[in-house]
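Note that the chains take the letters A, B, C, D, E, F and G in the order they are written out, and that residue 1 is the start of every chain.
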Amino acid sequence: MTNIIVPAVVSLGSIGLGAAVILYFVAQKFKVIEDPRIDEVEENLPGANCGGCGYAGCRAFAETLVKGADQGDISALNCPAGGNETMANVAKILGMVAEAKDPQIAVLRCSGSRANAPQKVRYDGPQTCQFAHALSSGESGCPNGCLGLGDCVVTCLFDAMYMDEETGLPVIIEDKCVACGACVKACPRVIIELRDKGKKSKRIYVSCMNTEKGALSRKNCTVSCIGCGKCVKVCPHDAITMENNIAYIDDVKCKLCRKCVPECPTAAILELNFPPRKEKTEGEPTPAEA
Amino acid sequence: MKTFTFTLGGIHPEENKISEHSPVERLEIPGQLFVPITQHLGAPAKVLVNKGDQVKTGQLIARGEAFISANIHAPGTGKVSKIDVHPDQSGYRKTMVVIDVDETEVWEDGIDTGTSIIRSIPYAKEEIIQKIKEMGIVGLGGATFPTHVKLMIPDGKKVETLIINGVECEPYLTSDHRVMLERAEEMLVGVQILMKGLGVNRAVIGIEKNKPDAIAHLSTMAAGFPGIEVAPLMVKYPQGAEKQLIKSILNREVPSGKLPLDVGCVVSNAGTALAVYEAVQKNKPLIERVVTVTGKNVKHPCNLLVRVGTPIQALIDKAGGLPENSGKVISGGPMMGKALNTLEAPVTKGTSGILVMQQGESLRKEVQNCIRCAKCTQVCPMGLEPYLLAQEAKLEKWDMAEADKVMDCIECGSCLYTCPSGRPLLDYIRVGKSKVGNIIRTRKN
Amino acid sequence: MDIIEHPGVVVAAGRDLVKVKILQVSACAGCHAKGACTMADMEEKIIDVEDFGGRQYKAGDHVTLQMGKGSGNRAIVMGYLVPFLLMVAALITGSYFIHEEGILALVSISVLIPYFVILYLRRDKMKGKFVIRIKS
Amino acid sequence: MAKTESTFTNMVATMVIIMVLAGLSLAGVVNLTADAIAKSEKEKMESALKEVLPPFDNDIAATRKEVKVNEKDKLVLYFAKKGGEDVGVAIETFTNKGFSGNFRIMVGFRPDGTIINTSVLEHHETPGLGDKMDVKKSKFPNQFKDKSPADFKLQVKKDGGSVDAITAATISSRAFCDAVQRAYDEFVKQGGKQQ
Amino acid sequence: MEYIIIFIGSAFVSNIVLAQFLGICPFLGVSTKVGTAVGMGTAVIFVMTLATIVTWLIYYYLLVPFHIEFLQTISFIFIIAALVQMVEIILKKSVPSLYQALGIYLPLITTNCAVLGIAILTITKEYNLMQGVVYTISIAVGFTFAIILFAGIREQLELTEVPKGMRGIPIALIITGILSLAFMGFANLV
Amino acid sequence: MNQWKNFTKGFLRENPVLVLILGTCPTLATSTSVSNGLGMGLALTFVLVMSNLVIASIKNLIPGKVRIPAFILVIATFVTIVDYVLKGYVPALHKELGVFIPLIVVNCIVLGRAEAYASKNSVLSSIIDGFGMGFGFTLALMTLGGIREILGAGTFFGMKVPIFPADMQGNPKTILIFILAPGAFLVYGYLVALTNRLKNKLN
Amino acid sequence: MSLLTLSGSPHLQTDRSVRGIMFDVVIALIPALLVSMWFFGLGALKVTLVAVIACVFFEWLITKYLLKAASTVGDGSAIVTGILLAFNLPSNLPAWIIIVGALVSIGVAKMSFGGLGKNPFNPALVGRVFLLISFPVDMTSWPVPRFEGYMSLGGITDAITGPTPLALLKAEKLAELPGYVDVLLGNMGGCLGEVSAAALLLGALYMLYRKVITWHIPVSYLGAVVLFSGILWLVNPGIYVDPLFHLMTGGIMLGAFYMATDMVTSPMSKKGMLLFGFGCGILTILIRVFGAYPEGVSFAILIMNAFVPLINKYMKPKRFGEAVQNG
């Protein structure tokens, strides 16, 4: 049976030779294997493809990260969904260090619930905020208020939002929100804002975006910011500014002293996750720093 | 007599021209007038008056400075009480000049308020255009496109025919119908002025055959006006849409993305012709128009001559008040009109009718899956595929929507009307149009 | 006109020519299991682009290449369809003269040689037929 | 262990070495399995022969005789003898009228032309339908036993023959008859015994 | 006539994807665009035909004379892989612009089980050269036909919202199943 | 990674057939019955384990650029071995599996494992990986084959499963289509959907 | 006063609804059902009821438990699918087989894609072909119609089975073919719904009148059948039957008017519909004359269903302004 062994070995040997030659040149010319670090980085990303990083998906972001590392700088890149831990892991893979970023969270800057901003007309088009916004000022008449049709809720990939049936407003679940910002982009009225999460998740913000004059906005909603400026005056840290009839609290400057909150005549300033206030008399300054 | 019509698509909703036989009445000027500074397609006009100023009826109060813009005149005599925001027909607050109307009306100098009909047109082409521009004339057919712009034919283009749109294909509406019956002669003079302004010697007035009295009346009258003909049209929506009308009458199709100019014609509404007459022959700016107030449950459906800026509430009151079971109040016709969310909004130059719908008929059908029945495709007068465009818009496939010519949609609503699944086709298509429009614009820049 | 787009990265940019690197993946790589299956499923290709509107590019820029569908179809016709037809034609005509199938097979394959030689000689003429642009 | 570099010589050398090794081991395996393969093929043929023939004692493989029908299709005849006496002929026959193309069956005849038995060698008919022509799957082939095609009309009843077709597989049944008929014709042509 | 029978039989009756289960990966994986499907199909027709001719030659003029048919698998896979690469190289060298245009337009053509499978089947079915070529072309045409239909359906499905659990591979397989069901109508056509 | 996890990952989480959708052709073609599925599964497992073993042991000897051809060569050798062994000793199975045995050589699972795993890991882990993946493949094929055999032929491993009423000749009226091509696609489709659901539930 | 309602224009909608369209189809199918009950007895009714109930039940079950969505059985499409499935089955089919068919129709061909309007293939036909291939025996044994059939209550199992005209054709038995009158009235073997061309035509006229379907698909379908079978007949009248016979037998009438016209699975443009119908016609005759199956309607329509997306892509309706695009 050697008669088959010899031709077998010879022909295979020559095919092997030929293939090796061809493949050598081919390999020389084109073959690329993707940078293995990309896969590794991608594995460490949450894989939610939420777009919070500003790239088309986790893989695109991984590619950017690797490229950034090659250029020696990934400080501008951040994965909000994964948070500091993920970024630290990724940085380690790439041999870099990631600075910890303050965690953020989405807040709804509107308190126009069914009770506060009663329905004046009925909207009967496609049930999305985008359409309702394009058609008219909405059911309550407030041109800046929440339309309550939940475009934001639908977009959230982390199940961090739900519609409160009673108020007709979306609610952000603190533990779940990763501040990817998808809802901010989805809201046609841009009333969701990403803010620093603050110490122990304490936050103070003006929950209104109505730029109309006070009297007008009060017509539609009892808790609107009327642009009276009282909070601006009372804030000891210069954290509040007034523009377009609407007060804005800068989350970096705000020291969470809570002085502005009782000052607001329409209760448009919300405080979250603070211990209950002690019963106090009118005008008495609240204790600074919680 | 030959009946003209267009070929692709079209629907025939119930006509319901309830107010057809009610002669135009004048609605008295209300105590306060809210005059928006944008009542036309294009840039807002620049306000010329200040709070506290006294204005006369017909006085220029805002000037349209951009190329596509229009002048605004005071629709009443009185004091400018404020220049502030007030809800317009969309419910959003827009800047308006608010005039507290005086008891006695004082007209701006030079305006001829007499009723005599002046037939001779001693003006040259340029003067005509200038006058139309001064008087703030915009198209009354719905789009409120500044009429003087239409008359300025760019070099290299040639216009041969003026088409006067007296179709009024929208159900319920009758304002153009009444104008054509009651003010035919003035209107025809207006047509002549437009012809002169355009430099054409042929004008065709298109009227749907559900207005036989108007066809007959105008045909006889037109005998005295050389070059003007009347074309009876088949009753089919949207017969009055510009492109369809041109197809019906001239058998020419305006190509995608092109203007009527490109097929040698200009289309103007019948009411616009009347406004042109008044502007040129009587120096009267566009401060009032005929508005149909109608609806199945409205007590006195009527056609009213209304000053611009009058709150819509006043019109409804005149027609017998808002009926108990009203579900929707629409500015315009049921096919193209806008549902109002407040009756405080004022009448503007473009308001052709106020329609009050009953609660039952005002609610949309339940939305079901598209069954691909192709009915929407069959009725689309532009030969589009609405089911596809809507779905592309819904799933944000803008490039596909563009390739499928979403921008050609004239928003006639035939598709949504006809869909057995009650799909909100036009709502989606509108979103598609605005997105694709933006994309095209940014690409150009 | 239908446009085909493909992302790429600039590798070198000159005054008249930009070289763009694209990653061509196989059909299999379109599937989500590409991590598991790596048989020749990706290749980098360098594309020369002359039509980039005079804009400035530098190595590392991410760009999108565009090509008319017509160019793509022409490429398929010239790269695959014509050689295929030549091969079959040679096979059919050859079968009347050549009765040894082995030689017939060799002949039909070898007609590809002159074809590609001709293509090679005309390569500069062909350049104009495949218009690749960088999307602005 | 350091990784081998991708130099030209290295590459060629590795490839050649692996190829040679592969060639060697394959040749070995082929050698090892060759007997088994030959045996299994022989067994398959013999078991088919045994199924359709009465007991015989000659070297039946040696009596093999091919009759080419056309370029591709052929009939194969085997002649069984016992004690030098002709006891039967097995004919490997085919049809191309099957539901899914060709199939091959083996038919055994007694010297007098009666059918001893049939056996399906290869087919692509639908499982559950056409494959019922196999003895193992249904009784359909039993109706051919001991019949002589001289008086047993090899056509399905629908077509006026004597064969009960397999329910819902008339096509296969028809094709089966076609194959048997072809075998019988050859049997008659050959005169029923080895010449 | 014989060739017509082979053609109908292999392109429709036992379609490579829908009945023979070969080349499913590119079938499922190829872009959902009809245009790409057409291009892919053309490329596959060429590559398959070329591969069959070459492997046929190798088999009958190398493996058979030396009695080394057992090297079939090993040699075929190498030859096909090398062929595919050669086509690429030749295209690149002869007309770089054409090669570049293909790079943008089409996915990479790879050796998959369809190409190898058909090369092997051509041998198994004992076809002569002409029959083998006709067979291969028919198979490739059948493949192209199937992916074009499939791409069309997928393009349409992209605009209808398929239930979440079924999206992607499951629905693609269901469509293929129904398509395969429909193609059974061609049964016994030849 | 812990070896047990390494072994079991192919069962569900990274099941090559049901999750990664690799090697679709043999999956569909050879799952007409449980035994065919088992046969194919074993054949593939053998090739997988052996090639993983060889590749893992010689991985450092092979220059990077001929890695893939060398792997293919190793795999093709084992495939041919399996081919001949089956032909010699289980001819019936060999006939059923037909062209799909040589086609193991282009199977993504085998090459993918060689490339992604064996070329980077130790011999032991590679063998375990091969067994795990092979087992996952076999499991999937047998599930598919089981469903198709029961519904389509009314049998399981050739034994009658009496769930179908019999026709006049006493044969069960099975749903034939399941052993034909369309049935393969449908069952596979729903099995993939089901696996996805299961996987999501587990996560 | 209650609240005003807001929505985009238009503010009018037609009163045609999906449910209305589906019930029109049901109404159109009633004459054919009555005829088949006349010929096949209560078996016909039983098959229809089982199919309809199973279809509706599966749709309800799947929407509720798998898709977890609002029920859609109210739209009536499952009823149409059920009836049409039944019309494609022989009247003596065991109930469990019908239920399997209904599950395939609704579960596989319709709900897997998301329900009404999303399925690329005709559900009833997928169900039928599935059954045809799975149970060829049961699916091709047709009870012989008898005038007294309606009296033999449920005596279905032992009904005599006989061939359909098309099966006779396949068996090349031209002599035994029934006459035209029998064919027109339905006095021949076959599925429930394909027996009476006259009853089907009556229903089709109703659907045309109600604008549920347009003429394009049926006309081009039947035209292609006449054309193609006519050519064959002219070439050799000895082996091929005349076009009229083709038209009247088998499922062509049912297919052309009720199944190829299923709006979900047919093209959107008029041009497309004509091409679709034509393709169905050609394929039907091709399969009937040259293929394995005596009847090709189901396969032909399913195969053409697969072409619909391509037809829709390349045969757009005529656009306004298109003609003068370059002028």
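One rule holds in what follows: a contact is a pair of C-beta atoms (placed from the backbone, for glycine too) under 8 Å apart; a residue touches a chain by one contact, two chains touch by 3 or more.
Because the structure is a prediction, the values reported are computed rather than measured.
Note on connectivity: the fewest chain-to-chain touch steps from subunit B to subunit F number 2.
A centroid comparison over C-alpha atoms places B as the chain most distant from subunit C.
The chain pair with the larger count of C-beta pairs in contact, out of A-G and A-B, is A-B. Note on chain placement: the centre of subunit D and the centre of subunit F lie 30 Å apart, centres being C-alpha means. With centres set at the average Cα position, the gap from subunit B to subunit E is 60 Å. Taking each chain's centre as the mean of its C-alpha atoms, subunit B lies 55 Å from subunit C. If you average the Cα atoms of subunit C and of subunit F, the two centres end up 36 Å apart.
Shown for subunit E are the residues that touch two or more other chains, namely 25, 28, 68, 70-71, 74, 78, 81, 85, 88, 111-112, 160-161, 165-166, 170-171, 174, 177-178, 181, 184, 187-188.
Each of the following residues of subunit G touches two or more other chains: 4-8, 108, 114, 117-118, 130, 133, 136-137, 292. For subunit B, the set of residues touching two or more other chains reads 339, 341, 362-364, 370, 424, 427, 430. Residue ranges on subunit B touching subunit A, taken from their complex, read 85, 87, 90-93, 339, 341-342, 362-364, 367, 424, 427-428, 430-431, 434. Contact residues of subunit D toward subunit A in the complex are 6, 8, 11-12, 14-16, 18-20, 22-24, 26-27, 30-31, 34. Looking at the complex, you find that subunit G touches subunit F at residues 94, 96-97, 100, 108, 130, 133-138. On the side of subunit E, the complex with subunit A involves touching residues 62-63, 66-68, 70-71, 74-75, 78-79, 81-82, 85-86, 88-89. In the complex of the two chains, the subunit F residues touching subunit E come out as 21, 24-26, 28-29, 69, 72-73, 76-77, 79-80, 83-84, 98-99, 102-103, 105-108, 177, 180-186, 188-190, 192-193, 196-197.
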